[in-house]
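In what comes next, chain A is part of two complexes: it sits with chain B in the first one and with chain C in the second one.
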Partner chain A sequence: MNSAVMRKTMYYFVLPALLFYCLFWIIPILKLFQYSVTDYNGYVQKFNYVGFDNFKNLFQSEILGLSIKNTLIYTFITVVLGNIIALALAFLLNANIRAKGFYRSAFYIPTLFSAIVVGFIWSYVYMPDEGLIASFLNKIGITGFDTNFLGSYSKALYSIIAVDIWKNIGTSTIIFLAGLQTVPHDLIEAGKIDGAGRWKLVRFIKIPMLATSITINVTLSVINGLKAFDYPFIMTNGGPGTSTNTLIFAMYKMAFTDQQFGKASALGIISFALIIAITAIFVFTLNRREVSA
Partner chain B sequence: MKTWKSKIAGVTLASLFAVALSACGNSNSNSNSDASASPSAASPAASAANADPVTLTMLVSGAKAAEGADFELDTLPKLVKEKFPNVTLEVQKLPDEQYYTSVKAKLAAGEGPDIFLVFPKLANMGAIEVAKAGYAADLSGLSFWDKVSKAAASDMSYEGKPYAVAKGMDILGTYYNKDLFAKAGVTELPKDWPSFLAAADKLKAAGITPIVMGDKDPWVVQFGMYQLAANTVYPTDPEFDNKLQTGETALTDAKWVETVNQYKELYDKGYVVKGSLGMASAQASQQFIDGKAAMIFTGTWDLPGLAAKGAVDFERGFFSLPGNKSGEPLYASASTAAGYALNANSKHLDLGKQIFEYLYDGQSPLFQAWVDSNPSISVYNGVELKNEIFKDVLSEIQSTGNAFYFSNQMWPAGVSDVMQSKFAEIIGGKKTTAEDVTKAMQDKYKELNKG
Partner chain C sequence: MNPGSLMKRSLTHVAIIALVFVNLVPLLIILSSSLRSPKNMTNPLNWFNEFTLESFKSAFTRMHFPTALWNSAVLTVVSVVFVVLLAAMAAYPMARIRGRLSRFLYIFFLSGLVVPGQMVLIPIIQMIKGVGIPMNQYTPILMFITCSLPFSTFLYTGFIRSSVPEEIEEAAHIDGAGLFRRFWQIVFPLILPVTVSVVITQGVWIWNDYFFNMVFITKALDAPLPVAMLGFLGDQQNPAQWNVLFAACFLCALPLLLAFLALQKYFVGGLTVGSVKG
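On to the complex of A and B.
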């Protein structure tokens, strides 16, 4: 009855949370905008305002284009390849095979390790000449293949992407698997009666029914790809040279090694804009598709 | 019904609100009392150093000793406790990169450690920078400065006042495997660039990898490069870096191009292990101690790791990478090592100074422990050289004075990174030239140097 009063009191309850949210989230973000026009080095509290020099500087440097390119490649491959493999795995693990539970856990296990552990293990797997892959290739008699995965300009980025996919495949698979369980049996039976073969069942019944899972997985891997930092940091240090610099890694390097917090903030703002743009496109297109599905 | 429900809800919410408010109030008053208590506790803490228990924090960089007690993590806190029973020293040791990040963030937030590690001159976390920013305390009042070498003190000084006590002197050099040298028929240590190349060639011809470098850790590029710069850049122009600051010269100077070309030559001719970009520095050290490569470039600080027992036993040696032309004198690359500094804003600054006096008094058990554990070459008067392996290079430096510092000590942090990442392109077989490397270095220098 007295709902008007109720509603007003309710607002007060938001205050503490709002306060913390502003203090630890909004204000630092606004600070970022402030720092992006200074030569702050993250360390000495005296700094000067330098206008848009940082941005100008960034647009002239090759690191911006390079790290955007790397981030987009990283994102694109993890999204496409990661999801296709996960989908295929989900179909396999949903089939009636022996020791299904074992396989399901086996594929999920990599997800449980921290990125540091995974990165370390894989640096040894990728080690030239003596790593797991190199010695395996040697054993089966393939020689003359360049096994310097992390130290090669053309292979390093793809090598770390492979690790990222390997690690995260479990999560996507589980989500697809859960989606597959919810596909109603009567639909499949109806399809069978109508004479649909195995491929048609997948193409016209199962995949459309997985639309929500696909949206979730694609969105998660887009986010994961755009904020890629762990593996370049652990496995290649952005190298060789700058060939595995992602946006976030370049930002970290700029802020903490070059001590250019100002410039790093400017890069932060550029990537912020970029990520918002990409996410917006995704959300719009995926939403539209889901409605129609 | 509805009113009854909403009343209950209202009461519940109101009481919750009250609880929340009082909780806030409590925490507020707590933190207030904390805040008011700490300054009053802080001021007498120093004078009453023998009474109230005090905790000092210390943050340093490096790796924990592989075996036995670590000086900073184990020995130092223990011996400080023995001398100052009320003082607990909490020490944290981080890998270099994390150290830079963490100590700067803490200092900037006003929560810096009481004791921390500072590097000489303009290097990352260099003495000049931390002193300028007001984070390091002026140590000129301490009594032991007459026992520390002038050069070491001045490398840690800003405007004539010392801000840190260097651990010693570090020399960049080439560790080599005497057995492999003998096997390849290299009987005499190379004394200039042509003879070095000849020696590497002999090793290669004998089927031995001449040099192993862990280029996946990009910073190792510096270890060879600065030794070459000490011969190629500075001897003809000792003031090079000062001129660099004023803009009189640039890193694109022919001397630097030549330096980079010299280092490039080692890769072009295949003297450095293939696939070095995929190998981390620890893996490279392992290759060296396993006797799989004849040489590795690094500094005196790496002796414990490189003297460790590997797959085969062999005798190690150490020499300065000769970048000099034949007939010209050989210069070593030697610099003041990092050292401890006190936080200028520490609540326990006086206590910190007392600990420093004790640590560097030249006779205390703590001083002895420090000397015994220190891999750097001591700059403290009257301390003997412990490691025979460095004797030749050191006595050469002492008798001729032919040595220059590590170039990055006069560069803003970031220039050496560009050098590394550009040079990695050369290692990776890209078409990058030495001119490209020096140009990138100069561009970064200009961007970061604010005079």
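On to the complex of A and C.
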């Protein structure tokens, strides 16, 4: 590298972005660490340091374990199911057929809707008795099935997970499709000549060639799942009971409804540690696989 | 074409159309309901049994559509312009200088991606008040810019590294171009594909965001489209209001749907710029 051309004065270019980023993102995050050991309520600028009481409190309460469990279920299902469906769709849409672009767009359309609109639409879909699913089941003569999806302790979480998958599937599909289109044709031909069947072509040529798209999609959906907030907030308000409390929703409620900002900050620190740890594990494993593939 | 492959193709089409239908059925039912008059309370499954714009009219006035549309446009355009400028500039040294500081900055920015905005909201509000920035309808722009930086710098850095050869800059350097001119006149035009990608990916989330807008915007006439939708919050449980609610849903989504129809190629291309390298 020519250091006369690529001089260190270039670093000045980072400054505007760095200023925004530190002021409105990094310093607030650091503040969270401070508040996590106080009894700050979020409004009155007067608070006491209470040591690790907030953390102790949380570890003794039910909400911590519950919201971690919900978040992990949410993440696991959106990552696994979302990516498998998207991958299958991408293979299907990569077939040599007409109207490919039209179909692709059709799957992408839900992505363009604001989470708030998606929440409204799916609240109607899931509504007991009069909602889309309920009236459809009614019409085809299936009765006696409990259609109160969002009001049921056992079904609410899975119902909002389905909404998240529906909303995001278009993006993952497009990324997988783009990945598939970079698979060189000769490679497929060579595989065929060597006698590989359809499944072997997928397993040993297409999937490895998709490594980069898989890394991107899986990483983005892991982060998206761990940060889940929108649908508990818009559709269920965390309920019924606490059955759809994700970590971030539980934290938001603690801070703004219960006005326990100190405790919420402690929950934030725990979530933060969890999100970083899980994302790091994923990025690390996927990157290693990608190189060897 | 032999009959076997024709058969296979038709089956693929049938399978895809069935999937598309299942995928879009909620939207279709809602479109059909929004085209009914507000009083038409027949089962939504008897779809497209009436065509009138009455519900749309009512939603249009209730959500102050023209004002909300304008507010959304201002918030999105201003934010996206800043994101492009700041992120492209920040990415330049991160892509060009190989060293500890540059590597640190790259990871420092990227790691912001995992932090949810809901988590840091209160300290952010304190910070905004602390540096004396007024809280009004334009305050969310600060958050849109900040939250878009991690992903955008990531895209720009990767692209400059892989697709803008250093030799071009060396040539310009020999011709006497300074750092500033080199960046704006040579590098910036060459990274247009990422700029398109940033405009689309970040533009869509900013346009659709309700959270930061909801926190900072208190006056109804300052609200962008997603926040205007919050005014319908009580109606989702009330079937008597559904037709108007669904019309509002479509009005809210309409601008992006139209943009997507017109710029499909860029939307699809923009999503994949950073993702197929390697």
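Assume the second predicted complex is superposed on the first by the 271 of 293 C-alpha atoms of A that agree within 3 Å, B and C clash if a C-alpha of one lies under 4 Å from a C-alpha of the other, contacts with A are read in each partner's own complex, and residues count from 1 in each chain.
Rule of thumb we're sticking to: contacts are C-beta pairs under 8 Å (C-beta built on N, C-alpha and C of every residue); 3 or more make two chains touch, one makes a residue touch a chain.
Note that the coordinates shown come from a computational prediction; the quantities given were computed from them, not determined experimentally.
Novice: Once the structures are superposed on A, label A:223 by its partner contacts, choosing first (chain B), second (chain C), both or neither.
Specialist: second
Novice: Report for A:9: first if it touches chain B alone, second if chain C alone, otherwise both or neither.
Specialist: both
Novice: In the superposed arrangement, does A:123 touch chain B (first), chain C (second), both or neither?
Specialist: Both partners, chain B and chain C.
Novice: If you stack the two complexes on chain A, which partner ends up touching A:137: first (chain B), second (chain C), both, or neither?
Specialist: Neither partner.
Novice: Just chain B (first), just chain C (second), both, or neither: which does A:188 touch?
Specialist: A:188: touches no partner chain.
Novice: Using the superposition described at the top, determine whether chain B or chain C touches more residues of chain A.
Specialist: It is C that touches the greater number of chain A residues.
Novice: Does chain B (first) or chain C (second) touch A:202, or do both, or does neither?
Specialist: Neither partner.
Novice: For A:44, is the partner it touches chain B (first), chain C (second), both, or none of the two (neither)?
Specialist: first
Novice: Could you say whether A:21 touches chain B, chain C, both of them, or neither, answering first, second, both or neither?
Specialist: second
Novice: Report for A:259: first if it touches chain B alone, second if chain C alone, otherwise both or neither.
Specialist: Only chain B; A:259 stays clear of chain C.
Novice: For chain A, which residues belong to both interfaces, chain B and chain C?
Specialist: In chain A, positions 1-2, 6, 9, 13, 16, 42, 123, 127 sit in both the chain B and chain C interfaces.
Novice: Provide the residue numbers of chain B that touch chain A in the complex, in ascending order.
Specialist: 2-3, 6, 9-10, 13-14, 17, 20, 24, 97, 100-101, 104-105, 107-108, 124, 129, 132-133, 215-218, 274-280, 283, 412-414, 417, 421-422, 424-425, 427-430, 444, 447-448, 450
Novice: Name, in rising order, each residue of chain C that touches chain A in their complex.
Specialist: 9, 12-13, 15-16, 19-20, 23-27, 29-30, 43-45, 85-87, 89-90, 92-94, 96-98, 101, 105, 109, 111-116, 118-124, 126-128, 131, 142-143, 145-147, 149, 153, 166, 169-170, 173, 179, 183, 204, 207-211, 225-226, 229-230, 232, 236-237, 239, 242, 245-246, 249, 252-253, 256-257, 260, 264, 267-268, 271-272, 274-278
Novice: How about chain A: which of its residues touch chain B in the complex?
Specialist: Its residues touching chain B are 1-3, 6, 9, 12-13, 16, 39, 42-45, 57, 123, 126-129, 147-153, 236-243, 253, 256-260.
Novice: Touching residues of chain A toward chain C in the complex: what are they?
Specialist: Against chain C, the touching part of chain A is residues 1-2, 4-11, 13-14, 16-18, 20-21, 23-29, 31-32, 35, 42, 89, 92-93, 95, 97-99, 101, 103-117, 120-125, 127, 130, 132, 135-136, 139, 166, 169, 171, 174-175, 178-179, 181-182, 211-213, 216, 223, 226-227, 229, 248, 251-252, 255, 261, 268, 271-272, 275-276, 279, 290.
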